[in-house]
Structures are given as structure tokens and as C-alpha cells.
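Consider the two complexes below, in which chain A is the common component and chain B and chain C are the respective partners.
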Partner chain A sequence: MNAIVNNNAAGLLGRADALATPAWAAETRAAGIAALRAHGLPTRRAEAFRYTDLAQVAQASFGENSPMGARGLGMPSLPLTRGAARLVFVDGVLRGDLSSLPPRPLSDAQALLGGLTSLPTQPIAAMNAALFEDGLFLDVPEGEDAGLVELVCVVTGARGAIGFHPRHVLRLGRRAKLTLLDTSDGAAGLAYLHNPVFEISLDEGAELAHVRIQREGRAAFHLSSVHCAIAAGATYDNFTLNAGGRLARNEIHAALNGPKAMCHMNGAQLVGDGQHADTTTVLHHAAPDCGSRQTYKTVLTGKSRGVFQGKILVSKPAQRTDGYQMNQALLLSEEAEMDSKPQLEIYADDVKCSHGATVGALDPAQLFYLRSRGIPQQAARSMLVEAFLTEATEGVGDEACRAALSEAVTAWWAQERA
Partner chain B sequence: MAAVTETIEAVQSVAEGGYKWGFETDIEMEFAPKGLNEDIVRFISAKKNEPAWLLEWRLKAFALWQTMEEPDWAAVNYPKIDYQDAYYYAAPKNKQGPKSLDEVDPELLRTYDKLGIPLREQAILAGVEGAGDSPSEGRMPIAIDAVFDSVSVATSYKERLAKDGIIFCAISEAVQEHPELVRKYLGSVVPQADNYFAALNSAVFTDGSFVYIPKGVKCPMELSTYFRINAKSTGQFERTLIIADEGSKVSYLEGCTAPMRDENQLHAAVVELVLLDDATIKYSTVQNWYPGDAEGRGGIYNFVTKRAACRGARSKVSWTQVETGSAITWKYPSCILQGDDSVGEFYSVAITNNRQQADTGTKMFHIGARTKSTIVSKGISAGRGQNTYRGLVKISPKAIGARNFTQCDSLLIGDECGAHTVPYIENRCMSAKVEHEATTSRIAEDQLFYCRQRGLTQEEAVGLIVNGFCREVLKELPMEFAVEAQKLLAISLEGSVG
Partner chain C sequence: MLRIEGLTAEIDGKAILRGIDLEVPSGELHAIMGPNGSGKSTLSYVLSGREGYEITGGSVTFNGVDLLAMEPEERAAAGVFLAFQYPVELPGVGNANFLRTALNAQRRHRGENEVDAMQFLKLARARMKELSMPEDMLKRGVNVGFSGGEKKRNEVLQMALLSPKLAILDETDSGLDIDALKIVSEGVNALRSPAFSALIITHYQRLLDYIVPDRVHVLMAGRIVKSGGPELALALEASGYASVAA
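Now for the complex of A and B:
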């Protein structure tokens, strides 16, 4: 295959070929390799990646034995959220000693693997399919409330600049409930790659609250994608805080497949100097009487770039769709750039769909108001930025998750202000 | 009130409506050989007696075009175009250079009369059917450049305009009479290699209008070009160039129609606007090319590049378009806001009915400080039409204090059509403010019920609501055009209400 010589994913493909593949993973792996081989990693010529170039990921090399002399990260104290079950991955390996939930092997999820992804057009998922080895499998039986589960991924640097590609599979039976708090942290200065992919199936009436805190080290690459199928009457509620990494892309592909299903996708992107953060959502209304709400907020400081792409696709059967999307960005620096591409594609006529987008600086009138009441410039700015972000975070229902989010936001802002 | 009455009349006329501009004029024509190659480019250039530099310019464009690929990113589908299976030059015979109106072939004059476009200078109101019954006192006439297939056949009020130093003529005439202006500005806004269709146009453009408004002159009348495709198997490739010098002001209207035919015909035009300090151009289009029949047979492929360069400070350009015709529309009138405090506006109504497809929008490039842009787009889809708004707002780091507001609304009539919105926002300037909002919905049941309850028929009610939906854009049109546009909306939606 001559194509491989020129394929920018050659490094990743080389690693994939070297992996031992158990039988249950073979089909998924083969599909991932085929997609990478055929298409490589997208450059900005690909419409879905016009603002985020994955070619730089292709140029970096990740391996188990390529220590980059990075500053190691001690294991965080990991305070156990009240009553939560927990699964901990350290440097890409599931650590039973740190986890409080008996892990179920991913091989049990074989029937669900790859069912929700479309690899030729989803390079982030293709990369994962070619290289995944482990991940979380959560199967919540019909009618059960599984409470809060924490998924913790930490990269300490002990194994160097690793590339790790966990595949997490979740299935919620009819009327089952779960709150999943999923956090990613990593060592600063280490150019590792975290490439998690979620495949989530929600049966009739199931409810999943999925709160994600992405706080990778500032030199890391974070490429994640969530694929979710939502059956009749079920609700998927995603909140993603996209705050870490040199290059972070968070994709969500959700499909409302049964009547009266709901999807909420909210998030905040905190983008500091030298960072590039991208949130890309594709929401497919495939059934009648469904609703969706999206609110994304981006705050940019230093020399940074923020991207939001959000597509709402309404198919012909999806009559009486109610879809809403808002994305707003705050530019706090002369060197920041925000690129925003909301998109509506509608083939049903009895619908109400709208989107809005704004990009701008802090409102001078609001700053003046606060300053005229004796609040110092810095404090006034902080208040306004915090208020801007709160609009997105206040929708998170679970208290423990909201507290974790709020802490992450405060820590980021304290660091940026310094 | 007047507008409401107008709407009801318009909706009533739907019954006898249809595409009434679909006739063909039987006139002796001269064609270039079929096909497209360097010789055809030379043929056109020779026919127009062009200077060597322009032939070189065309040949360069043709060479570039051959290296380019037809764009496929727009949300439109059509069979591959055979560029060799068309005539690139078709002109009524016996036409030698510009002539006075008295010498124009009477058959052509009759054609334009039938289209409601009075070329004779005594005519007062142009483009308005019915409005001629009560011409308002003291209204300025409209100067018209009539382009018939590949050539300009007549331009009215030239002498009157020349008194103010205004040049209004066919671009082929401008090449002869004002080569320095043409050479300076041609391709300066839309370069030859800008895109596939612009390159094609640059190679084979045959005519179009040229306007120059001198310093400080406010053009005393509306200028207008009326494009008519008549001959079979031809494409129309006109090129319009408008230069508004410092402090000048002009309002320019553009209309177009074509005969009903089962074949598709290509229209690939380029429009370039240049604005110097404090200049204002208002450019209005009512696009009424033949849209094809209910099954999607025939109709014009309208692949057009329009762009305005606001080079001067405080210059202002306003694009208003009502797109009711064409089988396929691919058109993004854009503004390069280079001068500080320059202003760009885009107001658009696009209708797709039956199997029409439209992918249209605008691009606003904010380069100068405090530049402002406003985008209002109304898309209406009916039948099996597909309607896409595609737009870009790009703010460069130097555009301090720039401001954009965009509103895109889509209306769906029937469950076989589609409405799509694809805006791109790229902001690299902290002090700039960009706002975008878009909605998609169908006509609300309660609005229809309200109208029906008051005795309006279903069609009248829909007509009324659609006109209300488009009002923000229609009010930007010059009065005569607004009236015609309202009627066109109704006719375009014929048969979509059931």
C-alpha cells in the first residue's frame, strides 16, 4: 500500500499494528485501521476540521517508552465524592486498588462496540478504534438508579508521553438512571495524547447526566468524542468543561431516535495562552416531539483560539421538534481568536429551531457600573467573567458535580489572572 | 394599507400567474461556434475589437480556469455541466457598436415592452406593471442598459447622465471609450482566479454594464440593467463594474428573465463594485430567471460572484436581493470593508419552490476600524425546494470596534422541502462585537387561523404572512421594485399552499 507512505497517520498506524488484539476487539480495531489508512488525519481542508488541524497530532509521537523528561504529577488526593462509586485510570491503566467499583471487562461490551460511530467521517473515533485497549463498561439494568459514578483519568508522566485511547461503553436500560462525573487530569509540560471515546445507549425513559471536566496538562492533546443514541422518552444531559490541553477537541454526536426524547448539551471552554479548544456538536433529531437545548460559553485569554461548531439536523419524521442552541464567547485578549459555526439543517416543516451566537469583549458599561460602585477593576472583571460562565454551569443538576465544576472554573480563573 | 391591498392583488394574480416571462423572441442571431477553447476566447475578444491587454487577461483567466475544479461544497445537486455543449457568444444580428435607441431593432423593443421594461426615454416608470396607471408627479425616470444574450442592445438616458459626468454604458463600450478606468479596476475586486465560475466569466464575458460616478456626484436617477437570456443552448456571462468615486452616490437595479425551456442554461456573472471615500452604492437585484417546471426540468443555473470593495473611509454598500427564479442559485454578494468606518449591508429574500435549490448568503470582511455590517436573510422553502443560507463574518485584528449583526430566518411551507443555515463567524479582534441569530419554523397555525377567521382565504393568508416575514428586506428595495417583488413572491409560491 503506497498510500501509507504519504499517510500522516503512519505513526499511529504503526502503533496499531504492534498491538495485540483480542478476538472481541478485532472487528473494531480493523475498522479503525482501515479508516485511518484510507483517510489519514484530517487537515484544515476537511470542512469538519477547518478550524482545528489534527496534522500536528500526527507529527507528535506517542509511545510507552518515550520519556520526555516531564515533571511528574503526584497522584491527586482524589477526595471521594459522597457515596460515589469510582473507577480510576492512571497513565492509561485501570487501577483496581484505587477503584471502588468492580470493573466489568470491556469484552462484555463486544455487541455494543462500534455501533454508534461512523469511522470514515469521524477521525477521532477512528483513531480510538485503531488503538483502544481498555475502558469502562457500565450496564445499568432496567429501572435501577445507579447514583453517581466517577470516572477518573490521570496521566502522571511516569510512563512518559503516552498516547492512550480508552473506549468507554455505557448502556442504561429502560427507566434506568445514572450520573457520571468524568474527569481528565495530567502532568503539565508532558505532550501526551488522551483520546477517549464514549458509546452511550439510552433505552426508553432512561436518564443519564454526564458531567465532564477536561483539565489535561497544558502540553497535552485531548481528542474526545461522545456518541449517544437516545430512545423514546430518554434524556441525555451532557455538560463539558473544556479547560486543559494544548489542543483539545470535544465532539458530541447525539441522536434522538424515539419520540419525546430530550438532549441537553451545555459546556464551557476556558482557553488560556497557547491553547486551542474546540467543541463540535452534531445533534440529529430523528423522531417526532423531541427537544434539545445547547448553551456553550467560551472565555479566551492570551494568545489562544476557541472553536465552536454546532449542527442541528432535523430529519423529515422529526415533526414538532423544538431545538435551541446558543454559543457565546468572551475575548479577553487582543491576541485571542474565536471561530464559531452554528448550523441548522432542516427537512421537517413543523419545527421550531433557533440558534444564536455572539463574540465580543466584556461590556464596558457593565465594567463601569461595577467600578463606579467601588469595585476594583480586577474584581469587577472576575465578577463579570464568573457571571458569564455561571449561565452555563447553573443548569447542572447534581450538586457534587456542580461543586466540582465550580472549583475547576475558579482555579482556572485564579491561574489566568495571575 | 397600500401594501396589504397590493398583497391581496398579488395573491389574486396567482390564479392566472405562472412564469409569464417565458416567451422566446424570434430574432436573427449570430453565434460563435459551439464549445469552449482558446479560439472562442479570441473570437469573443475580436468580436468586441478589444485591445491586446484584455485578450491577454482573458486568456490568462481561461488558462487558470482549466486548472480549477468546479466547487462542490454548496448544498446543491445538479448533473455535471458539459461546458463544451453551449454557445459562448450569441448576439442579435446587424448590431454594430453602440447606437441610438431609434436604431434598435423594433423586435427587441417589443420584447422589452412585453417584459415591462420601457427602453424609450419617454417612459416614466420601469419594471412596474399596473403602476403606470397613475404615475406620480415629478418622479425621476430610470436609465436602463438592456443586455440581450451576449450583448448590450441599448442604454437609455446616456446623454442626460453624461451632463453630470456619469458614465453609464455597456462594458464593451467602456473598454473602447474609457480603457484607463476599465484596466485599472477590472478584476481588482474579483480576480480571475477567485473561483471557478469567476474564472470562466473572466475568460468569456461578453457584455454587462459599466458605471462611473465622479467625485461628489449624486446620481440623479436610478440606474438599471435588465438581463435577458433568449437564445437556446447559450450561457450568459456578463460582467458589471461600478466605480463610485469620493463622495458619490448611486442606486443600481438589476433584473433578469429567460424563456421557458427544458434545457438548463448557465448564467455565470461577475459584479465588481469599488467605493472610494464617502461613496455609497445601493445595489438591488430582483432575480427572476426561469426556475424550471414543477418536475425540475429546465431552468437557469445561476452561479454568480458579486463583491464590493469599500476601499474608502466612510463608504457604504448595500446589497438587496430578491431571489425567486433559477433552478439553482449559487451566489454570495460580499463586502470587503477596508476603509475605516465603512458599512456593508446585505438584505436577502430567497424563495425555492418545486425543485429549486438555492445556496446563497454573504461574506463580510471587516478590515478597517469601526466597520459595521448588517445581514438580514429570509429564506422560504416550499414544494421540494432546498434553501441554504451560507455566510461568513470575518473580523481581522485591526478592525477595532467593528460590529456585525446577522439575522437569518427560514420559513418552511410543506413537508417535502428543506431549510438550512450555515453561518461562519471568525473574530480576531477583542473590541469587535458579533451577533448572529437564526430561526426556522413554519407558518404558525394561530396566525393562519387569525387571518382565516377574518375572511381571508388560505392563499391570501399565506401571502400576507409571507410578505410580513419578508418586510424587513422588501422595505430596502426602491419602491417600484418592492411592488414587483411582492407580486413575484406570491407567484413563486403558487401551488405550494394546500
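Now for the complex of A and C:
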């Protein structure tokens, strides 16, 4: 094959070529490589990446044992939730000894692989397709409640600044239920890449609560993409807390494919000095009588940048769609910047769709009110930041997940204040 | 307790307080009356430490210490409490959490033990009962969706829980119905002690029937133009501010 001049994904492609690819993964891999060859990684000239430049990712090299200046991360205290089934990846390797869920091989998911992605226009998914090796496969049978499952991904630095591209596949049968708590942690100062892709199919009446906690090391890249197909009467409920990484982008592509399906996408981006966080959602209302709710909150400190792009597409058959999108940012420093791009594309005529965006600083009147009651300035600020985030977090139903979220928020804020 | 001497302050270069002299001894309640825009709320904000005011002259001492040098939270811990003319809404901050955080912050500052959630609930419930406030107001966001009168009552609840040494009530009577006016007045009277003083800003003589002040001051265009006993309020009610200005 001809070497493509100027393809900024050459490093990634080199790694992909070197991978041994089993037959069940061949088609997906080939499609990923083809997409990367053809398009490379997007620059800011690409509309979908106007605010987030992946050039840094293209320039970095992953997979080398060069943790210069990295502070190794010990194994985190894993018993997050007692009794929950758990799948643990450490430095990109599935650790059976730390997991309590008998893993089904990803090869069993072959029929589902790549069915929900559209690689030429989804470079994050393409990168994963070109480089994935393993991942979680969960197939919850009809009517079953699988309870809480934890997916734990930790990069300790023991194998250096790795590129880690897990492909996670979930299928919930009719009326099946699952709560997935998915956490990403990593060593500080280590410029690794975590590039997870989720392919999720929900059959009629299924309910998936998917809580993501992203607190990678501050030098890391986190590029994730969730692809979810929601059948009639099913519910996908995503909450993403984005707190770590130097550059993070979380994409969610969800399609409401059958009547009375529901999609909640909520999240909080906590963005500190030197960080860049991007949430991009693409929601397709393809069937009638579906609802969607999105509430995203971004808190920015120091010299940082937050991005929210939210597209809602309502196709012609999707009558009586009830859609709502709200995106709010709190700027705690003058050097912080927020870019928001809501986008509604509506082809049905009987539709209720609202969206809104606000960007602002802490309200001095509120701050003074708290201080006038004896609450010190820092504590008052914390209370207001927490209050700002509450509206997004209060919707998380699972108690263990809510506790994990509030712990992550508290930890981030403590670090920011230090 | 509170001594204000020659206090001048401006906002955006505009002089609002133009030389205020006022002394409130321990144990006394003083009323301040005055036309709209005369600087009453400005005075109360300056005393409690709100930003945005340029103090251009004068001094304020509180029990002998320089009040103007202190942060708002330090003033609160020292015992200064302002009941806001327009209480601020805090969506997402639960009223109970807010009240307990405030109480404990002040107690910590004074080296006292913090109260735990159970002790606090007991305290708050007792005070709320006295103020005829429904208990569910503890669960709601601070002042969020409260009616005008409920917000004022919530201010008085905070005062009752924080038991300040100096309470500044900025038109706490405005917007209260007759029953609430009595309840709130009882709340203030209950705090009366040789160690408690209050500055009561009001437009209505009626409040002063319930809370009988030791002194009444008239503030006009940023200055105290007249002071007297409770009878001054009655005279103002009868003939308006013009008579004082003359």
C-alpha cells in the first residue's frame, strides 16, 4: 500500500499494521485502518472538530516505555461497591485475577461489531477500530436484571505511555436491565491515550443506566465514543463526569429507533488549568413519541477550555418528539473559555424541542449572601459550584454511582482549590 | 457596641453615604427611617462588608474593633447579622444544609463545637415552630420559590439560629402580613438582652408598635438629619420627611 504523504495518523497506522488481528476482528480493523488512511485525524478545519484539535494526539506516540517524569499510579483501592460484578483492565490488559465477572470473549460479539459506527465521519471510533484488541462484552438476556456492573480501567504507568483502545459491546434483551459504572483512572504526568468505544443495543423495553467517571491523569488523552441504538420503550440513561486528562472528548451518538423510547444524556465537565474538555452529543429521534433530556454543566478554572456540541436530529416519522437540551457553564477564571454549539435539525412537524445555553461567573450576590452568614469565601464558592452541578447529578438514580460521582467531584474541587 | 463616625461611601464615584454619625449602645434597638434612595440599604451593606462600595472616609467600630477591616464572614462570626431587604435565592443549595453550614462556620470561628445534623434539626425545628414556618422549608433550596413573606421569615429564622450581637433588619417588615409582622417582632424581641443591639430599617411606624425602639434616626441623602425617641416615628408618619428636612 502506498504511504500517504501528510497523513497525520501515520503513527497510529504503523501501530495498527503491527497488530496481530484474529479473523473475527479483521473486518472492523480493516474498516478502521481504511478510514484513518483516507482521512487521518481531523484538524480544526473539520466542522465537528472546530473547537477540539486532535493534532496533539496525532503528534504523540503511544506504546513506548518512556514514562518520563511520570508518577506511577498504584493500584487504586478497587472495592468501590461491595458485591458488584467487576471487570478490570490494568495498563490495557484485562486482569482476570482482579475481575469478578466471568468475561465473555469479545469474539462472541463479532456480529455486533461495527454495526453502530460510521467510521469515515467518526475519527474517534475509527482510531479504536484500527487499534482495538479487547473489551467488555455483556449480553443481558431478555427480562433479566443484571444489577450493577463495574468497568474499571486503570493506567498505572508500568507499561509506559500506552495507547489503550478497548471496544466494549453491550446488548440488553427485551426488558433487561443493567447499571454500568465505568471509571477511567491513570497516572499523573503520563501522556497515554485511552480511546474506549461503546457499542450498545437496547431491545424493546430494556433499561441501561450508564455512569462514566473520567479522571485520567492530567497529561493523558481521553477520546471516547458511545454508540447506542434504542428500541421501542427502551431507555438509555448516560451520565458522564469528565474530570481528568489534558485533552478529553466524549462523544455520544444515540438513536431512538422505536416508539416511546427514551434517552437521557447528562453530564458534568470539570476543567482545570491546562485542560481541554469536549462533550459532543448527536441524538437522532427516528421514531414517534420518544423523549430526550440533556443537561450538561461545565465548571472551568485556570486557563482551560470547555466545549459542548449537541445536535438533535428529528426525522420525519418522529412525530410528538419531546426533546430538551440545556448546557450551562460556570467560568471561575478569566482565562477560561467555553464554546457551545447546539444544533437542532427538525423534519417532523409535531415536535416539542427546546434548548438553551448559559455561560457565566459565580453570582457575587449569592457569594455575599453566604459570606454574610459566616461561611468563608472558599467554602461559599464550593457550595455554589456544588449547587451548580446538582441539577445534572441529582438525576443519577443508583446510590453507589451517585456516591462515586460526588466523591470524584469533591476530589477534583479539592485539587483545584489547592 | 456599634459606633459610626463620619462615614462616607460611594458607588462608582457617586457619593451615597455623606457623613454618617451613629452610635448604638449595647442592649439598645435603634430604628432608621428615611425616603427611598436615601442610603439605608447602602449603610447596611457597608456594615456587613459587601463589595463594590468605596469607603472614602470615617470609621466603624464594633465592640472596639475596626469593622471595616474585616471580611464579611469575620463580621458575621463576630456577631453582625444583616436581614436582607431582598433575600437572595440559592438554587441547588438546600436550606437546612445552608443554615447548618452557616451556624457551624460561625461556631468554628469562635472555637465552639459544631452541631451535628440531629442537634441542628432539633434546634431548627424549634425556631421554625416559633416563627410558624412549615418544616418543608428546610428541604427546599434557599429562598427558591419562597413568597416575599416567606423569604423575610427565613431571614428571621437565620437570625434566630445564629443569635447575633448586632442585627441589621433592612425592611424586614415589608411584605409581611399582620400575623407575620407580630411573629417576626416577637422573634426580635426574644433576642433583646443587654448584649444585643439592633438597627431596624423600616418605612412603617406600625412595626415600631411591636418593636419599641430606644432611638429613631432619620436618614436623608446619606446623612442622619434628625434623631429622637419613638415619638419621632409618629411625627414622621403624620407629617412626612419634608417637615424634618425643613
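To be clear about the criterion, the second predicted complex is superposed on the first by the 408 of 418 C-alpha atoms of A that agree within 3 Å, B and C clash if a C-alpha of one lies under 4 Å from a C-alpha of the other, contacts with A are read in each partner's own complex, and residues count from 1 in each chain.
One rule holds for everything that comes next: contacts are C-beta pairs under 8 Å (C-beta built on N, C-alpha and C of every residue); 3 or more make two chains touch, one makes a residue touch a chain.
All of these numbers come straight from a predicted model, not from anything done at the bench.
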* Asked: Do chain B and chain C fit side by side on chain A after the overlay, or clash?
  -> fit
* Could you tell me if A:A26 is touching chain B, chain C, both of them or neither one (first, second, both, neither)? => neither
* Kindly classify A:A111 by the partners it touches after superposition: chain B alone (first), chain C alone (second), both, or neither? => neither
* Asked: Thinking of the overlay built on chain A, is A:I375 touched by chain B (first), by chain C (second), by both, or by neither?
  -> second
* When both complexes are superposed, which of chain B and chain C contacts more residues belonging to chain A? -> B
* Thinking of the overlay built on chain A, is A:M338 touched by chain B (first), by chain C (second), by both, or by neither? -> first
* Is A:E386 touching the first partner chain B, the second partner chain C, both, or neither of them? -> second
* Asked: Given the touch rule stated above, what does A:Q366 touch, chain B (first), chain C (second), both, or neither?
  -> second
* Enter the shortest inter-chain Cα distance between chain B and chain C once the structures share a common frame, rounded to whole Å. => 14
* Take the contacts of chain A with chain B and those with chain C, and give the residues found in both. => none
* Taking the complex as given, what residues does chain B use to touch chain A? -> 73, 397, 410, 412-415, 417-442
* Interface residues, chain C side, partner chain A - complex -> 48-52, 71-73, 75-77, 81-82, 84, 87-88, 90-93, 98, 101-103, 105-106, 109, 141, 158, 162
* Sort out for me which residues of chain A touch chain B in the complex. => 47, 316, 319, 329, 331-334, 336-361
* Structure fact -> So, in the complex, the side of chain A touching chain C is made of residues 364-366, 368-377, 379-380, 383-384, 386-391
